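Here it is, the structure, as structure tokens.
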Amino acid sequence: MANVSVTKTFGILTAGGDCPGLNAAIRGVCRPAYDRYGMRIIGIANGYRGLLENNTFLLKPENFWGILTRGGTILGSSREKPFKSRSKDTDNSLGEYKVGMIKENYRALGLDCLVVLGGNGTNTTGCLLAREGLNVVGLPKTIDNDIVGTDLSFGFSSALDIATEAIDRLHSTAQSHSRVMVIELMGHKAGWLALYAGVAGGGDIILLPELPYDINVIARHLEDRARSGKSFSIVVVAEGALSKEEALMDKKDRKRRRQEEGSPSVAYRVAREIERETGMETRATVLGYTQRGGIPSASDRVLATSLGAAAAELLARGHYGRMVCLDGSRVGSVSLDVPAEKIKTVPPDHYMIDTAVAVGTCMGI
Amino acid sequence: MANVSVTKTFGILTAGGDCPGLNAAIRGVCRPAYDRYGMRIIGIANGYRGLLENNTFLLKPENFWGILTRGGTILGSSREKPFKSRSKDTDNSLGEYKVGMIKENYRALGLDCLVVLGGNGTNTTGCLLAREGLNVVGLPKTIDNDIVGTDLSFGFSSALDIATEAIDRLHSTAQSHSRVMVIELMGHKAGWLALYAGVAGGGDIILLPELPYDINVIARHLEDRARSGKSFSIVVVAEGALSKEEALMDKKDRKRRRQEEGSPSVAYRVAREIERETGMETRATVLGYTQRGGIPSASDRVLATSLGAAAAELLARGHYGRMVCLDGSRVGSVSLDVPAEKIKTVPPDHYMIDTAVAVGTCMGI
Amino acid sequence: MANVSVTKTFGILTAGGDCPGLNAAIRGVCRPAYDRYGMRIIGIANGYRGLLENNTFLLKPENFWGILTRGGTILGSSREKPFKSRSKDTDNSLGEYKVGMIKENYRALGLDCLVVLGGNGTNTTGCLLAREGLNVVGLPKTIDNDIVGTDLSFGFSSALDIATEAIDRLHSTAQSHSRVMVIELMGHKAGWLALYAGVAGGGDIILLPELPYDINVIARHLEDRARSGKSFSIVVVAEGALSKEEALMDKKDRKRRRQEEGSPSVAYRVAREIERETGMETRATVLGYTQRGGIPSASDRVLATSLGAAAAELLARGHYGRMVCLDGSRVGSVSLDVPAEKIKTVPPDHYMIDTAVAVGTCMGI
Amino acid sequence: MANVSVTKTFGILTAGGDCPGLNAAIRGVCRPAYDRYGMRIIGIANGYRGLLENNTFLLKPENFWGILTRGGTILGSSREKPFKSRSKDTDNSLGEYKVGMIKENYRALGLDCLVVLGGNGTNTTGCLLAREGLNVVGLPKTIDNDIVGTDLSFGFSSALDIATEAIDRLHSTAQSHSRVMVIELMGHKAGWLALYAGVAGGGDIILLPELPYDINVIARHLEDRARSGKSFSIVVVAEGALSKEEALMDKKDRKRRRQEEGSPSVAYRVAREIERETGMETRATVLGYTQRGGIPSASDRVLATSLGAAAAELLARGHYGRMVCLDGSRVGSVSLDVPAEKIKTVPPDHYMIDTAVAVGTCMGI
């Protein structure tokens, strides 16, 4: 507990895609900040857009009471990225205007600090605002687990539970119908969710963005399984997965080609390729938005609450410009420069890839 | 309990799409048939295909012990419809051959009766085989709940749970992002699953095949909600839902047009129409195969076990040519003619439609 | 939809033990009552106690918006039974006073009707108030499913899910340790929950209040199982279950004896008797209050919403003195006299008992 | 992957209380051991007792195929502790005999190594056998998370999910009835499960064995809550929790006193004390065996599979005398001396205690 306890005012916002645990984290920040340190809390609606448009309100205890288990975010969210507007304009006028407005509103609200809950984009914006002179504290939330500087982000554990349950369900259908079932999971450009859910669900093949796949390897693996009497298979595909061929293309060409093929989702592409190469009946499922909603898992509530409480401590001590993080089994913080403008992908030598391979999973390579 | 207890032999198969509760029903038939009536049980693999190909085996107690909670079907399934082959051939040779083979194998196996677990198609085939002189007992399974002659089929309750949970999850995302979320549920040509899950999940709009929708009614409802401060909405769409315009087309034209539009799934079509008509940010999710897999719900286990035990009684009493059913809160049976070649859709005056409308749900009409 | 739409005022309260679906039912009554019929709604806090103490408030749309999935009751509850006070006092002064106060407050609030959500006690009180001249509409809620006049009460389906999941969990432990696991479920004096959860969970022995058990029958069944290689068993016990010996005692003697034995809960008693008679390692679990809390199941939300909407129709039409009910697969209503002062126990010839026996479950008799 | 691949034989057993993830771990060891390293695998039934009684069998791929998601253990378990028998006998004859038998059977079976899956007791026995000259590899399983040498044991995550869900359910009841609900969780002498589930469930008071409680502190906290308008509370109690007074007693006196009071479970004791001190209506629930059964959580499957695969590597490399472990976010191993004869309790300065206190939870001190 910090010794300092001067009355401070901070603003709090949630930005980017919503995910389970946001409300738990808001409560985790606000309860100690209010009860222990007597801070004033300004809720900012709909992410950075609310700060731009000065859409704010005084956050009172009754607002953050009883929200621990609630999905979504009581503050609302948006994908507004003020600096992105800046970088896209050649004359920078829109971006400059936005960043200026944010700084002006930050001051007008009398904020001592801005607390931002979000993923890579949100913490990157937080870092850039810190470089502009604002006091910022970030919290890492994302179901993709792709934030540099923390071992784990809240949201990931809930998405892992949901995705694993979906794979479990597909198992019965796959087995009863002797089918190949392809399931596409979220994860943006990182394979964390597909890798962990694939291992948890006993996926026979797991395809990650980090390891471009070879359809021949996949086909051979499926045929080997069929020969050994296993007439069904589960293929877990990260939304960012791509073939070896696609990996050599630039992003635009890849996108154009997928649209020509009539399968913007990688799951449909992989399913079609499997049917073509093996003749096995194959079905695709894109799990979609159900992965990011609903009641947070117990683990996410614990993590979100701990990171929230750690953020309140940073506020009390005036340690700004930092993102709270999980480091092994301790809670700590890193400079906001650490996550900014990067993403954390699965390293090819990660032990979970070894684990998957050890239990017989084909990684498509 | 029947007084009769001569030793009988029956074959048992599961056909059509798999669904939760099949194994519970197999156990429900086999345990009393074996323990109480001492019958011999022949398991038939992969639905009617197994009977065609004589892919069968002696089913022993250890095979149906401990399967109550398991998803899928221990017997495997297929979509083989022998009579359909018959009607499609002008000279009927393939269909005649198949039906002949089934009758031959039925006799060769020394069956006193054939027990078939499945949906409309399966029980229709069962009825046609009964008309060909075989003894048949049917059990109604389907997540679509569209079998005539029974108030409820097993599989429906589990699918309802899964679909409702998915809608719950979308609620948080819809609310956090002020979006319209469209979710497409299964149900074939009937709206039971969408209607019940829509009411259970608090869907703001529910679209059923039985009530062709008008996009203008939907758009107006969404705008009314927005005006009253509710900036998000959940739209639950049955896979068989169609617009008033489509309802006038024949099936082929409808299919062709959807493919031209690039949205074979109705959810994508509805989402695009909503965005076009209202300008609201809209996202679509097709729940897919996760709706039919996994551990059966408690209600499905109870229903499947009861219907299975009722089927065993029919076997013991020699009451053939019947499908077991739930009638109000009693278990009974109807002639296999009742479900044959029909489907049970939602009547427009069903009380659950009234319920949905009463709590403010727009039915798109 | 009723044609009548004069502006009416009604009070609404929830009484007795809470259960999943209460909020869904409140929403089911209030949305059509408010949106369609323009009624004024008075929320009454903490059951009949709130009406006694005039602890009431105007219920607004924002109060019953978004509560469909929430556990518990937004109105609070209590076990206050005004007429019980009356009957217990020899001079009746307290009871007379309470009933008088309720009638006075009913009039002072300008109520056209009082809507009561609860179990046997609540609907009995509702009936007695109707006999005193008040307009009353009742809704049947209870996890015990013991209300006369309705096939199903909301709360039962959720409790069934929870209890079945608990039995599933005990299975792994029982099997791994070759133990007998006894689990005690709620149900008051009726065995519905134990019977249905016992069948759903594959209980090897199910003990109901309606069928007093013989420990020798149980012991013999367990020994038979052990001989056939099944070294573990699950015993599902209704909280009201009692032995043949206890069935002959009066309630006080039974209670005294159980306390002397040091096992007020029947599960502990049964576990001790099994250990004594068979020497098998036996453990008891009393599931307790977790059976009545949390998010309502999809089925309970559907039922509660339908019954709520049906109650709103009764209000609009001025059909008072009735309890809404599920009758087969229709929603309807019965006179409040039907449920009053009775409980619905499991009839000995109920098909679910046949089902349990058919799949090899011992009922202890 | 180890380079070594000589054909080896190892025995595998599961001992102590069962928990979710045991089968996932067995599969995690056996699949790479068999597929990649071609080892022979001897399954040992019912823990160390099976090794004593030579109750063993050849474990084949079909035995460990499809068991990832199954609760319990396919090997069975027992609480046999051979060395404990030794230490208890003054002349040591029984213990010596047992340890001798185990060594004899180990040799007779031609084992290169013995793989033991279990908690503190199991790994302690493993360590003592290693000191007797056997090759042993241990895996840490326990819902208590009290094994020294690993950050996390499998089983804990599943128990956390179950316990948290139970607390969620009690919340609705507590709130609806303005009650204090006391829930007792497992954890043996450590407070990990109560602490994490208490934070995840938003417990208002959390009592751990590591922090003896003062009933006056608890009473004051409840009264403060009541004064601030929160008329209900959730008290999460570890089964090993004890009052300050009890902490000064020796174990026997404590046990005797609890029995005199008629409440062997601490939850009942705490509930009674709260009612006595505050007059608030209080109810106790002992969650019991449901905490250790059923399908493992996604996180437990991932952890169990990884630790299993790591154990297979130790086998392949001949690194014996070790327990695999999770160290931060890496999988590794420690000497079996590390966990032997110790338990890992919650350190008073653990960040999760800080977290609980930060969000307003009273720790009873």
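General remarks:
Labels for the chains are A, B, C and D, by order of writing; each one numbers its residues from 1.
FYI, a residue touches a chain if its C-beta (ideal position, glycine included) is under 8 Å from a C-beta of that chain, and two chains touch if they have at least 3 such contacts.
Predicted, not measured: the structure shown is a model, and the values here were computed from it.
The most distant chain from chain A, with centres taken as the mean of CA atoms, is C.
Chain A and chain D have Cα centroids lying 31 Å from one another. Separating the CA-averaged centres of chain A and chain B is a span of 36 Å. Chain C has its Cα centroid 42 Å from the Cα centroid of chain A.
Listed for chain D are residues 165, 168, each touching two or more other chains. Applying the touch definition to every pair of chains gives A-B, A-D, B-C, C-D. Residue ranges on chain C touching chain D, taken from their complex, read 14, 17-18, 20, 22, 46, 70-73, 76-78, 162, 165-166, 168-173, 175-178, 181, 262, 283, 285-294. Those residues of chain D lying in contact with chain A across their complex are 1, 27-28, 31-32, 35-36, 68-69, 151-152, 157, 160-161, 163-165, 168, 196-197, 199-202, 297-299, 301-302, 305-306, 308-310, 312-313, 327-331, 351-352, 354-355, 358-360.
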